[in-house]
Every structure is written in C-alpha cells, then in structure tokens.
Amino acid sequence: MRPENYQAVNHPPSNEYELNFGPNHPGIEGNYALKVKLQGDTVVEARADAGYLHRGFEKLMEDRLWIQNISLVPRICVPDPVPMEVCYSLAVEELAGLELPERAQWLRVLQLELSRIAAHLFYFGGHAATTGMYTPMYWGVADRDLLLDLFEELTGGRVYSIYNMPGGVRQDIPRGFLQRLSDTLDYIEGRLKDYDNLFFTNQIFVKRAKGIGIISQEQALEWSVTGPNLRACGLEFDVRRDDPYLIYDQLKFDIPTEHGGDAWARTLVRRLEMVESISIIRQVIKALPDIKGPVRTPIPNPLAWRVPAGDSYARVESSKGELAYYVVSNGGDKPYRVHIRGPSAMHAVQVLEKLAVGCRVEDVAQTMFSLDACPPEVDR
Amino acid sequence: MSNTDLSNIEVNQKPVAKRSNPFANVFNELVSFCRSRSMFMLHYCTGCGAIELPPAMTSRFDMERLGIQPMVTPRQADILLITGYVSIKTLKRVILTYEQMGAPKYVIGICSCTVNGGMYWQSYATAKKLDEYIPVDLYIAGCMPRPEAVIEGLQQLMAKIKTDEANSWKKYYEHYDYYLGNQQHLFGNNWQTPTDIIGEAKTYQLEGPNTLGEHTKILESVQRPLEPLEMKL
Amino acid sequence: MSAAHSQNLNVLLQEIEGIHLTHHNPRRLRADIAAEALPALLALLRGRASYVHLSAISCVDWIEENQFELVYHLWSYETSVLISAHIRIPREPGIYLSVFDIYTPAAFFERDIHEMFGVYFEGSPDMSKFILTEWNGPPPMRKDFNSEKWVMETFSWQEYHPDWLKDLEEQGGGIVSTPESIRMDNK
Amino acid sequence: MQVTLLTIMEVILMPIVAFIIGLFMVLMMRKLAARLQRRVGPPLFQPLFDIVKLYGKQTQISHGMIHDIGIIMAVGGYVAAEALLPVPGMDGIAAKGGLITLAYLTMVPSLGLALGVGQCANPNGSIGISRALTSMLAYDIPFIIVIFGVAYQFSSTNLVDIIATQQAGGFSTWGISEMPVLAVAGLFAMHASLGKQPFEIYIAPAEIATGPMVEMGGKFLGGLFVMQSFQLYTASVLYVSLFLGGGENWITFLLKSFGVLAIPVVIAYLFPRYRTDDLVRLVWKWPVMLALIGIAFVMN
Amino acid sequence: MKMKLKSKKAPVIDHSDSGSLLNPLKNLQFLARKPVTEPLKPRLASLNYRGFHLNDWEECVGCASCQKICDNAAITMVEIPGLPNDPVKGIRNHRPAIDYGRCCWCALCVDICPSSSLSLSREYVHTCDQEHIDSYFILPDPNGIHKEHFGKGWQKTEHSDLLSLTRSVMAELEPENRIDNFDEIVDGFTPEQAVLEASRCVQCGMCHDSCPTNMHAPEYIRAIWNNDAEEAVRQIYRTNPFAHVCGRVCTHRCEDACSIGIRGEPIAIRWLKRYAMDSVSHERIKEIVNEGNTAKSSGKKVAIIGAGPAGLTAAFDLVRSGHQVEVFEALPHAGGMTRYGIPDYRLPFDTLQQDIDIITSLGVKIHYNCIIGKNKRMSTLRKNFDAVILAIGLSQGRQTRIKNSDHRHVYRAVDLLQKISTGEEIELPHSVAVIGGGNVAMDIARSLARLQKQQYGKVQITLTALEEQQHFMADPEEIKESLEEGIVIKDSCGPQGCEIDNDGKLTGLKTWKVTSIFDEQHRFAPQYDEEQEVVHNCEAVIEAIGQFADTSLLGKELTEQLEWNRGRLQIDENGQTSEDWLWSAGDCVNGPDVVHAVADGHRVAASIEQQLKVKTQ
C-alpha cells in the first residue's frame, strides 16, 4: 500500500473517503489503478487512472518497418497476444493487397481460438481470486500452460508467438502437432467438468457474482461494449460472424449468449465460449490435413518493403471483445499511423467507472475482472 | 545522466563484521539461511513479463516449493520483481514501493527491458536502465523469460542470499545521492518520497561518503516535512 | 448486407451535402465529408440508420498538409457495414466539436486524442490528462515530436565491455558499427 | 510447592508445544491447499523459516506504541489461552481457569489487532479490522451458545473435567455423540473463527489488499504468523477437548486435532468468501439456529 | 443443482441456476491425485524454440543484415581479426554481437540472414548480477552462450525466409529475334521492375567493397528504390564516369560478392545502374555531373595517351580539379576497347558516345587520329605537359603459334572486332572455328554469327577452348546466349594446328582433348590426350586467346630508361612509372576489364593531383 493511497479528502462533513485500487493491488488486473470514493462500504465515485503500462506503441510503430512491427504488437495485450498479430497482419494485407494462402488462414484461426481458450482460462482464475477462491487460479493457469506448450511447439515462443506476419504465418505445423493438440483439447474439455464443480456451479460464487455490475442491453450498446460482455447482455453479436475474416464463414459455431448482463452472465458466456472454441479447433484439425499449399505469400525484402498508400480498418474478435487496427500508409516502408482500438479501452475506463458506482467495496475487483479488462490495451 | 557514473559505484565489499560471539554467528547464519528459504515476492505486475509469473507461482512450476510466495503489500515483501519495462509513471511507484519494503530487500530485473530498454528503447514513456534508479541484485534474461528461467533465477538469488552476497539494498543507502540524482533527472527536482532514506541510512549505519551530495541537497531544499506517521523507524 | 439496406443507406447519406463515398469492399464504406457536416452525419447515422456502435475515433497527423485527419469508425449491427467518416481540420489551432452527445464512447477517444495529439474537443466531458499524467513534453503522437531524439537526450545506455571484446580489441578488432549509428545513417 | 513448580513448568511448556504443533498445522494447511491445487507445496520447515526470517528483518517499522502493544496482545492472548488448554499429560492451569476465561482470551487477539491496526491509519487496515470485528461478533454468538451448551451438558466449565468425563465412556460419551447438533454448530463457529473461506472477509487481498496486515512488516508480520499457528492450534484443540474427548495420549490427541482442523482448511480452498453482510446473516442464521436446537436437546 | 441439457454438447449452466454447495466438495478427490508440478530442473524447450542465438562463423559473411532488420537495435557488428576477410568474395570478418538488454527473440535476424548462419538455440536460462551485466552482451558462436549444447531451435525454413532470392524479370530479345541483327539484347528494367529489384537489396555494402572503383552501389540502389534516379546518377558519378558503359558491360564483381547471391540470385546491380542512367536525360546527367564543380584553373597541363576508359576517367578527374587535359587517341573514335572491342548488341555505340560526351563537355580535349610516335613524339609531350598518362590498352591480339597459324584465314579476334565495329567490309567465312573461351571469343563468335545469319542465313561457328565449359572465363550469360544463338561450343579442346588442303585453303582446326591445363605448381602446362583428336571443319580460324599492349610508341630511348617487369611497365601502387612525369593506367597494366580501368584512372589522377599540388607549393 502506497502512502499516497491514504490522502485525506477535503470535504469534512461527509463520511466519504478515498481508496486507491492499484496500481499495486491484487484486485486489479495488471498495472492499473482505480480511485474510488467510498461512503461506508459503498462506492459513490470511481475514476480510472491508466498509463502505468504506457509505452507509446503507436509512436513506436510509426518508426519501425512494416515487418518489424509484428514483434511489437503482441505486447499490447499480454494475456491474449495472437489477435493482435492477426489483426495487424490483416490490416497490412488489405493495404498491400496481399493474398493470404488458405492454409495460413486455417492456421490463424487455430491460433486465435487456442489463444481465446488460454485467455479465458487465465481470466476465470483471476475472477475467482477476486472472490477469495485461489484454487481455480492454480488450475486454470496450469491448464493454460499446456496450451502455451502447444504455442511453443507451433511458434517457437510460449507467450509472444510472433508467428503471424503480413502474408501468412512463419512456419508450417510441426510433425504430429495436430495429434498433440487434439489430446490437449480432450484433456481441457475433460477438465471443464472439474471447473464446473469447483467454480461455475459453486453456490457461494454464484451468489457473489449474480447481480454484480449489471449492464442493460441499452447501456451495452450505448457504451460500445463488445465481446463476451455484450453477449452476456443477450445480444448475439460477434465480429467473427457479423464481419467475418479469415475462414470463419466456413466454420460452424454457436455464439453463446446469456441474459442478465451481470458478472455471473459474463462468466458463463466465457465458459461456453471455451466449448465453442474447442469445437472450432476440432474442425480445423479435421480440415487442415486436406488443405495443401504454402503458409505464406512471400513479401518483398522487408527492409525495403513499401506498402501502397491508403488506409484500412481491420477488426478481429479477441477474447476481450472487438479489437481493431486502423493502419494508414503513405506509401512508405513504415506505417504512417497505426491506431489500436483495444476492446478493454471501453471496458476498463468508461464502463468500469460507471459500473463501480453503487458497488460495495468487496465487489469492485470482481466487477473489473468480470469485464476481463486488459489494462495494456488502454495504455498502449 | 547524473554526475556519478555507474562504474564509480563499487560493491559493498565490506565483510560483515564477524562478532566474536560464536552464538551470534550461528544466529546470523541461521537468519541468512531462513531468508534464502523464505522469500515473499511483491505481487506487482510492472510490465508484460508478469504474465509468466502466474505460471511460475501456480501448479505447473510451483514456486512455493522454494518457499516463495506472493505478498500483497511492500511492507511484507522481500523481493521486488520488476517484470519488464517500467514506464516513467510506474517507475515512481516502483521507487516508492521499493523504499517501503523492509530491509534486507532484493530486486530482480526480469526481461530485456530492465537492462537496456529492450523493445521499447526508443519509447518516450519507459525508463531504460533500472539500475540507475534502484539497485538490482539479479537479472533474468529473456523477453519474457520462461517460468523455468524465473525459477532458476530465484534459485540463484537464494544461493546469493544464503552466503550474504545479495547486498544491493545497502548500495541504495550508500549511494543514495546517485540514485536520487537519476530519479530527479527523470521526475524533476521537486521529486520526493515519503520514506526518509537518509535517516534510515544513519540508523543502519550505512551512511557512506556518497549517501549525501548535491542531489540530496536539492531534496532537502524542496522537501516538505515528513509526517510522523509516514516515516517512523 | 441486403440490397434494401444498402439502398436505404445510400439514399440517407445523400442528405448530407458534399459527401463523397467510396466502397473499399462490401463491408467497408469510406465517407469523406467536410468537418462542419460531421455531427449531422453522425446524428443521421445513429438516429436513422442503426449505426449505434462507435468503434473508434482515430486521428492522423498530416504534418505536411498542416492538417489533422479525424476518422470516425461506425458499425451497424444490422447492416454489417463499417462506415469510416473522414474529416480534416486545420492543425492550428486544432479544435473540433465533441460528438459525446451523439456517441458516449467518444469521450474516451476524444480524451485520448487530446492527450496524444493536442486536439481539443469542445463539449467533451473530460479533457484532463489520463495516460500521460506524468508527461510534460508536447503531445507525443504529433509527427513533429521525435521520440528517439528525446530518448537519446534523456537516457544513457549500458556501456558493455565484456572480456571477449577486450580480447578482440587487443588483437586489433572491435566494434565496427553500433545499431544506433546505423539508424542515424538512415536518417 | 512442588505442584506449583510443575504448574509453572507446564505453563511455560504448553505454549511452546502449542507453537510447535501450530507450525505443523500451518504446514498441513499449506500442504492440503497445495494438494487440492495439484501442486507440491512448501517444504517441511517452511512455516518456521518464514517466522525466523520475518523476525530477522532489518527494517522493523512500527507505527507507535499501540501498534506494538496490539501485536503483543494478539500473540499474548493466545499464549495465555494455551495454558488453559489441557494436552495429554499437562493440564497447566486449565483446572483453575476454566472455559469462560478461555473464551474471553480468544477474543483478546482480535481486539489487540484492532488496536494495533487502528494505529497504522491505513484505510484498508481500518476496513479490514472493522470486518474482523464484525465477523468476530458474528461467530462469537454461536460460539458462546455452544460453550454454554457444553458446559451445561457436562455441568462444568473446567476443561479438565470435561475431558475426563468424555474419556470415561469412550466414544459414546464424547461430546460429538452426546450432542451432535451442537458439535456441528461448533464446527461452524470454529471455521468462522479461523477466518478461512468462505468466512475470510477480513484478509481479502483482492478487496482490501490484506486488510489488517497491510502495514505489518518484519516482526509484526512475524507476530501475526506466530498468532496464526497458535490460532489454528487453539481452535482445533478446543474443539477436540469439547467434542472429541480430548487426547487420551499424544497420538490420538494429534490425530484428532489435525483431523478436525483439516475440515475447515480443505473447505477453505474450495469456496470463495462471502460478502460481509451475507456472512453476518449466514452465521447468525444457521450456526445460531443449530446451536439453539442443540442446546434445546441438551437442556432436555 | 439444476443442470439442463441443451444440445448434445457439454452440460450448460443456466443463468438462473443458483449452484450447489456440494459440487465443490467433489473436488476433494484431488487430495488423492498426483500433482501436475514439473521437476525443478528446466525442461528442454521445443524443437523450434526461440532461445539464445547461435552463429555459424564459417557460414557467416558479416553482411550485417541482421543488424538492419533488428527492430530493437540490439545488434552490434564486431570485427574479429583472424577470420577470413575477402571483399572480392563478399566475406567480411565482422560478426554480430547481440545485446540481450534489447533483444526480443523475434528471430527476424534468423529469417533474414542471407547466409543462413544465424539460428536460435533451445537454451533459455541466463541470469547475472549487476557486476556481470556485461554477460548480457554476447557474441554468438556455434557453441552457445554457456558453451553447453542444447541443439538448434528456430531455424530459417522456406516459409520463414524473408529474402526475395529471385531477380525481377527483365525483358530481352529472344534468340530468333536477335541473331540477325546487332540490336541491343536486353531491354533494361522498366521503372516497376527496377524498384522491385532495388528493393531486394539488404544494403550490406559487399558490392561497394568488392568493386575495383568502390562504386556506391548501396546508395544508388537505395536511390532507385526511392524513385530518385537523379540521386542514383549522382551516386554513380561519384566514382564512375563510364556509367553507361559499366551499366551494360561491366564484369560486375559486385554481383559475385552480393550477399543475396549466397543462396539466391544476386541483385542485378549492373542493370540497375543502367536503369538509372537510362532514365535520366542526357542533358540532366550533364548538369548533375557539373554540380558543385567549382575548381579553379590550376594552370597545369596533363596529357593522356589513349581515350579508353582509364584515360578518360583520369581526364574526368583531372579536369574537374582544374587542370587542363588533352587526350591523344590513335583511332577516329574515343572509347578504346569499349568502342572497338565490344559489339553493338552489348554496348550500343551511341550510349558509349553519351559517356564520352559528358567527359568532353567538362573541357577535356581529345585529339583523334593522333598517333604518338608518329604524329607526335613522347618527348614533345614531356616538354609541353606537367604529366603524361599512358593508357594505351591492349590493342594487339595474341597468337597461338600453332601449325599453319600464319595462314591468311587465321585472324586475331580484336582485329576482326575492330573492323566489324567500324563497319569495314570483311571477308565473311561460311564456317568459323574460334579458339578461346573468354568474353572476346564470345564477342567475335556472336558477331560473326549475326553477320553469317544476315548474309548466308545460317550460323556455322564452332568455339573451342582448353577449359571445361563451366570454367570458361566468359560470363555464364554469354555462354548461354551463344548457345541459344546456334554457336557450337567444344570445350577441353587444345588447338594443335590448322588443316590446309592442297589448294592452300584452310579446311579445319585440329584439336586434342585436354586432360589437364595446369601442372602441380599451378603453372600453365596443358596435357593432351592425343587419342582424342578432332578436326573441326571451317573456312577460317579466329584466335581469341588474349591481347597485349603495343608499347612501341614510347620510342627506343624512353623504353630503355623505363623499368620493366616481365615485359610490362614497372609501376608503383599509384600507377607511376619509374619516370616522375609518366604514369600508366588501364588494361595495359591490369589486363582487360573496364571497371578496373576506371579504378585505375582514378588512382592515377589522384596521384598526379597530389604530385602537382606538391609541385605548386
């Protein structure tokens, strides 16, 4: 606890006092802060304070070659890095008019969904921890690690795969990978039963999560809520289906929704999404051996690759919601401007500030975690 | 950057004065041993390397085997893990946190970014060399290092603590002027923290010739008096 | 999107004067309009064309033309078409109207653009600093701010001198080119 | 004279024994947690290492006299309580003190903590301690009822007598078989008094960043760690003494006390915590109801 | 707990469910299950793990491409004495050193590495304390940073390779369209092709180092990539006034040294130069060359004998330094061998003329048809000028001196080429045997082939050489094109004599099969297999086995004064002869090569410049 956390508030008649959640606080996801004003146990005002993870990505990207940026982008959202790479690549491919080989598209879907499962496993561990239950965190992170092993095998890196590149992916799958992937998926699917028992049907957890941080459908649309948080309000919107990219229009998958719009509904949506993602990956495993061809369309020498002038707006459904890259080229060898619309930029700032008001102090952390906000997406 | 060059800083090679009392020595060794076997790690995710800490803490790589467990507040923690880049905004908090931690305290710099800026070397928002602001005991290479590497690094630190070699916290007191100078260079001259480092240095008898200098003079000129609650030894 | 939707939309958009529409692909529509006409366009899109989702507001600094380009990315869940409305405002003084009253999320993006580019949005609820509270320099995303130069002036780097390098220097070898020197050459 | 000397020795020895057993109880708690979490867990002497290290810290930040006294009270309350808890072969002053004194003494640490934390002037600490007192208020009601019931059943407030009575007829005369409802209520109260999930409202790192412990470092935190091992010991041994017939010998004593402690500990790692208001409502509802039913049976 | 089964999929939890208190207790089973914890020892990383760097020093050429692609500015190039350093082969003794305080292990350096020497290992643990922070700066070698073997992790594959290894295609005349005329074969790049080709360059600078005149190829390639042909011309003229010529017929050592050429086709540096020169108008080039030329007249005079590349390059340099330069050329046109030795289809005369025009436009005065030793004497030159350069080239063809080689239908290639280029009538034989495997042999064979096609409608040319075809001195392209044009190549044939029939008519060339060319001491001593004797039927034999300089112009007195070395003028490293007023440059000292001649011209000019400066002071 930092001393600046306990500054006296200068309006003596009220019994309000200020409390800082973060930046060094286990109830905050990542390095982020929320200044809340409390009256008794109830929050009367909340102000987000970001910038602890600010690195000036958008500035850095303007100073690096188109290809060099692929090692930069996954760092924008650490728990779910793949959508960052894919989305940037999609934007650049559109600008450069690069055809994406079919095999590469399937491989990207494979990674995106794997990453989604990994992010959700990580997420609900965190969510459970905010309510004082640590076992799901230990389990979730350990099971996520099995997926990271797969990433390591496929891409050479555990977390930052740096595997997608404008034009495709960097390497083909290693021998026997699909079998191991399939085995791991079976294992994870089997584990979902344990998670249900431990966490999703845990009466005390349900009691705590129900009715926390309710977003109505109207509010959700008004505040530009996206992703699982939007679907938890009963709105069946998903970039994968509404604005399909890669080969998502060839895949069969449900878009799980819940009604209620509270922390509990958001948790359930993510739980169901894991099942859907597993089924998508199974479809990929089935289809992939029949899809031959290269995994990458060659690009010119990256040191001197110029992308034609223009702009493009690529959108991807990440585990947190709608992720978009606005890329502008002036025909040079570096992007002229890249703007990253992280889904959490909405969730962690405006939505959280509004939802926190009226919350009891013990539910603030849960509200933030249930939104699955990722602070580096805000800070960039 | 600052007037003193990093190379001027020498490690505190003064051997811990062996007390004549054999029991005291045994006691010292026992404490060192326990220190190495019980490390409380501050739960502070400064940067992206923090994503590999949960795996290291949880079931797959289980840090608790080594007696390491995460702690929530700096007062309770022994190790400060700087997991990757520190933005200037975070760096202020890191320094505050570091100063609040109880000695002996250890700092581990994880990832490239803590050494020479890493990926973000051209970024206007991140600090480049962690060692300019707080002394570092150990670096773990990687971007980001795998949980195994983190655990390997922690074992190295354990070995150092056991033999009483991890003394970087003393360096902070002995060369406070250098660190403060670099902090002022980045945060401006009216930078101050609620912890009275000079007072602590005197208490621990770690005040060296480089504890005070031109930068601490600046600090004294801008410092508002510390409230008794904020700093008491 | 369905043909009816598309036609509907085109008819609606013709109400805005001086609008120039370009289709990048079936789901991307670019609209270039005058800065004054933007609020009317947004009100129209939100009120009558189901464009309830403001995906993002992007700012581009065209320093050579002395202009800021503001791009409003709007998405309709019904038509599944993304409209990017592009406007240009003069770089000096860099003031524009907030669209917070039409789209709530605009508050975040406007605050962000204000912080990063120094564009002021009149009527936005909060223009105070958010991410860069500890930053005293110019708005960093402006093209005339050179981050690398600032970093080079502010920070120092590790001066490695490992044993193998000393050995090589004794033999007459040593460092030929540092990465920084290469970058300076290119500029 | 010799009796007195023996008593003094026992009074000194009993807390030490309690501390050692308590350390192993902490270890068991962490090991069980590790097992449930599918990992290995800490080494054998980990609890001891932690405490020695904390006392060996160079920086010991105190927030004033009351802060120090608070910690002394927290540990001292339990140390005193241990002398009132008979173990096989050692009765200490249990025969003289009695159950009521013990019940009072177990409240002292919480109050001491409240004093100490209040001195730290950290809002998180204050919230934490107010929650701790709330939960104490909550679990003390069933606890007192249970103690009253037990005392009524055995017509004694002397733990030595109570244990002797239970041991007289083997399992059938144990508190648990004579008053099973009360025993369940007692288990609830014990779980709540340990402050483990789902009753862990005052530590709650994610909500109030470890509450009372927020400003504790070095030996103060060490004190809390010591207190924790005493607390585990006290709670389980008290329960064993009241309902499981105490320890016939050291083996059964240890088995019983570790076994009874395992129940709340295991549950703690499978459940989240309640909200503060839910907790009070819950604890006043079910355990109190059970305790009252139990006492009704006893009175019959 | 209420569990509803929605589809056949996993049981779905409903929002209205309130959960169960017993369900979590089912997990008590984990008390009896084994932990999933891994052992403390670090696991072996995956097969393509991106761990610490490895660099195969044998493969690495020190091109620094890794340094350029590194987005984190982590790579420093370090010179390592003792490693091979050969600019001609494109090898430097530089090796990358990596700063692990910057590196992010993205492996872009591996993927771009032209020589495939870099790879990442499966090792990933490195820790150090503040005192040993230097260990974060490593020089990757094949052994790994801790000298422990972990095996290679991430390596370049065909998918991850970032270089474009194939040239952008340039249009050229098909054999059937070019064989009956002297039109230029290659079209040159279109702007798009040129930019694409220029974009392949990794700017390693090997070309600059290997070029005899150290042309600034990376800079002009970059300029072409930037669509700035004028800047490219500016860069080219920094070192080479024979830009048009070198853009077409240079021996392009740069391309042999090119890093991209290690695994793929080298950058077409020569064609890019040509593209730059062709895309800027002649007048504009003149302006560019004259930019910043403010040298005042020095009042010194320099005479140059021979208006070939060496002589004119020296003239170009000297006149720009303010000296008065006069060139004496024996033939009616300037250009030397480039004019009289290279056929039109490789180097059109008007392009050569443009180069010469630029040089003369600077104020160089050329006296054509002025033969030294006949029209003017060396002693006059010595008297009237402050310095004299001898750049007379290799004008005389060597002879094989085989049996009957004095027949009148046995020609020297240079003589014939000169005649063809000046449009002189020659007695065109129906069938020809050419002796020699160099570029001159190809030139004469292909020129004659064109004439034969024009006059007789068919090509009957046999080319014989001592070497095997893959060891010919000629460019591979020339050989390929010759074959396409219908020239028959008989390699490993040692000429033994010309067959003459009773009428004294030449009927053929007798050759023996060559078994070896050099002896054990690497001296020229061909061995033949006399069993394998072939007679190539032909009406004429052309000797194209080399040229020599005609130094008779020096006069007897001067020849005796000068020092000689094995029949060649003795010169120092600056091209100065033993006489302090006389320099010699070009083919006559170096052997035939345009770009060497240019380099020589610069060297000599610099030497003269320096000496004249000393004299003035």
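Here the chain labels run A, B, C, D and E in written order, and each chain numbers its own residues starting at 1.
Methods note: a contact is a pair of C-beta atoms (placed from the backbone, for glycine too) under 8 Å apart; a residue touches a chain by one contact, two chains touch by 3 or more.
Every value quoted in this text rests on a predicted model; they were computed, and no experiment measured them.
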item: Shared interface partners, meaning chains that touch subunit B and subunit E; value: A, C, D
item: Steps in the shortest chain-to-chain touch route ending at subunit D and beginning at subunit C; value: 2
item: Longest centre-to-centre distance from subunit B, chain (CA-based); value: E
item: Leader among chain pairs (count of C-beta contacts); value: A-E
item: Chain closest to the assembly centre - both centres taken as Cα means; value: A
item: Greatest separation from subunit A - chain, by CA centre; value: E
item: Euclidean distance of C-alpha centroids - subunit A vs subunit B, Å; value: 32
item: Centre-to-centre distance between subunit E and subunit D (centres being mean Cα positions), rounded to whole Å; value: 87
item: Inter-chain centre distance, subunit A versus subunit D - centres from mean C-alpha coordinates, in Å; value: 43
item: Rounded Å distance between subunit B and subunit D, as computed from the means of their C-alpha atoms; value: 37
item: Per-residue multi-chain contacts in subunit E, two or more chains; value: 24, 27, 35-37, 45, 68, 71, 73-74, 99, 101-102, 104-105, 133, 136
item: Where subunit D touches two or more other chains at once, by residue number; value: 34, 36-40, 121, 205, 209, 214-215, 270-271
item: Residue list for subunit B, restricted to those that touch at least two other chains; value: 58-60, 62, 65, 72-73, 75, 89, 115-117, 119, 121-125, 143, 146
item: In contact (per the touch rule at the top): chain pairs; value: A-B, A-C, A-D, A-E, B-C, B-D, B-E, C-E, D-E
item: Residue ranges of subunit A in contact with subunit B within the complex; value: 1-4, 23-26, 30-31, 51-56, 59-60, 63, 71-72, 75, 78-79, 122, 125, 137-139, 141-142, 144-145, 148, 158-160, 376, 379
item: Residue ranges of subunit C in contact with subunit E within the complex; value: 158, 160-165, 168, 171-180, 182-183
item: Subunit E - residues contacting subunit B, complex; value: 35-38, 40, 42-43, 45, 52, 71-74, 99-105, 124-131, 133, 136
item: Residue numbers on subunit D that touch subunit E, as the complex places them; value: 32, 34-36, 38-40, 266-267, 270-271
item: In the complex, subunit B residues that touch subunit C; value: 1, 7, 88-89, 92, 115-117, 121-125, 127-129, 132, 185-188
